[in-house]
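Just so it is clear, A, B and C label the chains in written order, and each chain counts residues from 1 on its own.
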């Protein structure tokens, strides 16, 4: 038997995109409901996936439920296409759905993400699928699920500001930098998953559909295109995104989210785009940061 | 002359449930009245029920039957059947009481204890304090005690705080339960003076005074409580 | 005092299966009035309090409350949203154990500020200032504003709980053994504080206590409960000084004299 025959025989043991059709249907129903009630956490019968919780089982199930043979999939982990989590999930869908994959943001129809929103503006027709560890923004202040559900139902969100108050009281400013709570369409308070608050403004009135899947917690929620997403704040401590002193060391981009990279054990470090596709794209178009030249010289 | 307080055919007994439910008649057919500007003194041997009678008039003790008519806010009402809220409003505005002992409230300064009946009626706190200080000064309570809670005061000092508190308002009826009991001659004289002023202002006073000297000075009339007591008929 | 009661209670009964929690309790509570409910453990006083405060659904009977707009509303007919709104704005509930009424892992300032934020206050500086004012009023030094109640003594926690409840200027406060579990000297301080606040703010309050001294000091009127029934009620000093019922006489005669 040839290698090609082996893999087609293996593929035959999986339904398209791993999940069976009934499960996909159940998840799609949850997704539709989530889209109909922006920011509301819809319970769903999360399945066991062939990867551990915490590795994006929620996002994977959402992606599996919406993926079609014509889709082009991009998977990122903290902005990068080449980290373990991103690589394995991409390989998973190549194997079980045989779909086209890409690292280019603008080419993708579905982007599954862990903790970042791409720098490039998403457009109509694209869907961003978030992997969510803890969907309940009120969890750390009110551990009772019965109570937090009631609070959502009755729109009792004073507690959310208690959290921000504590932040300011302790640090002099709102020190929450990721998973920064937002109010969706003036109604539900939502956890945007642990994306940096830098990305919060991108969610507001986004042209793309945003879906959130929490596998362990069995919740799906959504932000439909062109939906208001407002970060919570105080009048005298308004919401602010992170800013960086320097541009990206490789591509020279400004007003993007940067990762710190340690270069040696003598304290050397550089700040580079967290979105690797964005960075490479800029480099290809001739943009240069202050460390990029050295890199090329070394090569 | 107006008669702000009329007690009519009042009867009172105690049922002692802890002693097999025996019923102790305290008094019956109590009838008397106090006119404005008059000081009526309850007389009779000790233990006859003078203090109990005063407590009935104040609403502190319930009565079995009869009426206690009081002129309150331009109306006549029967305290014997009034609800708690009415009794409280009568006490706040019309009916004052100087008890024998001061029931101290923890941590409240003497001057505030005295001022409280005024502030409870809505008088400005600073003004009430000023009036309270004047009362305490008149009763010769050492100035250094004014800001202290009266719990640790001597009997005479507590009594003076109590008197100041009772006399500070312009209540139309004032009940006095041995206000001069633990006072020296000088302060007794002050109290006698204060009672005279109340009388002149048209207040109806009903009191118990064991001190014969004080009683003779202030009493317009003596009502003999033993006339209402069952013990008298038993004797 | 206005001429309509704040709370009208009619024939409230609560049964736990065949057992009686409380039975046929009726009374009116007027603005500015403090009512003490006394009785021994198991007499039904806490059950009654919880029925009044909508923390328990009574088996029968009705509780009406006069809203800020003057309208009398029956509590059981209000939506849960309305009831919860009422509870965090116009009402307060002081638990015996402060940990039940506080967020122990959140600073004192945020504990006091929570109700303000819940009703829409969004100015950090003003919320903090108000919280500071209230801490002062309950005699907690403002330099403790960022400390968690975990670091507070029992008396301080109880005072913090009171501040947290009073910050929205409620008109009615429910208290369940507010001085229980505190040292005598701490109790005295708390009682005095409560007394002052109730007087200054013109609060109405319903206080459940087994301590007659607490009832004497704080309440205008009291109800004595036994086996789920109100056996005697009236002016506080009259019930305590001239108790009519056998059980009340027993209660009053059981107080230790110091």
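Heads up, the rule we're going with is that a contact is a pair of C-beta atoms (placed from the backbone, for glycine too) under 8 Å apart; a residue touches a chain by one contact, two chains touch by 3 or more.
In this text, all values refer to a predicted model and were calculated from it rather than measured experimentally.
Participant: Quick check on the contact network: minimum steps from subunit A to subunit B?
Facilitator: Contact-graph shortest path, subunit A to subunit B, evaluates to 2.
Participant: Relative to subunit B, which chain's C-alpha centre is the most remote?
Facilitator: Between subunit B and the rest, the longest centre separation is with A.
Participant: Distance between subunit A and subunit B based on Cα centroids, please, to the nearest Å.
Facilitator: Computed from C-alpha means, the inter-chain centre distance equals 78 Å.
Participant: Taking each chain's centre as the mean of its CA atoms, how far is subunit A from subunit C in angstrom?
Facilitator: Between these chains, centre-to-centre, one finds 47 Å.
Participant: Indicate the whole-number Å distance between the mean C-alpha point of subunit B and the mean C-alpha point of subunit C.
Facilitator: 32
Participant: Within their complex, state which residues of subunit A touch subunit C.
Facilitator: Result: residues 141, 150, 154, 156-159, 161-162, 165-166, 168-170, 233-237 of subunit A touch subunit C.
Participant: Which stretch or stretches of subunit C touch subunit B in the complex?
Facilitator: Subunit C reaches subunit B through residues 1, 30, 33, 188-189, 191-192, 195, 199, 217, 220-221, 234-235, 237-238, 241-242, 244-246, 249-250, 253.
Participant: Help me check something: in the complex, which residues belonging to subunit C touch subunit A?
Facilitator: The touching residues are 80-81, 84, 88, 103, 106-107, 109-110, 113-119, 122-125, 127-128, 145-146.
Participant: Which of the residues in subunit B end up touching subunit C in this complex?
Facilitator: Residue list for subunit B touching subunit C: 14-18, 21, 55, 59-62, 84-85, 87-89, 105-108, 119-120.
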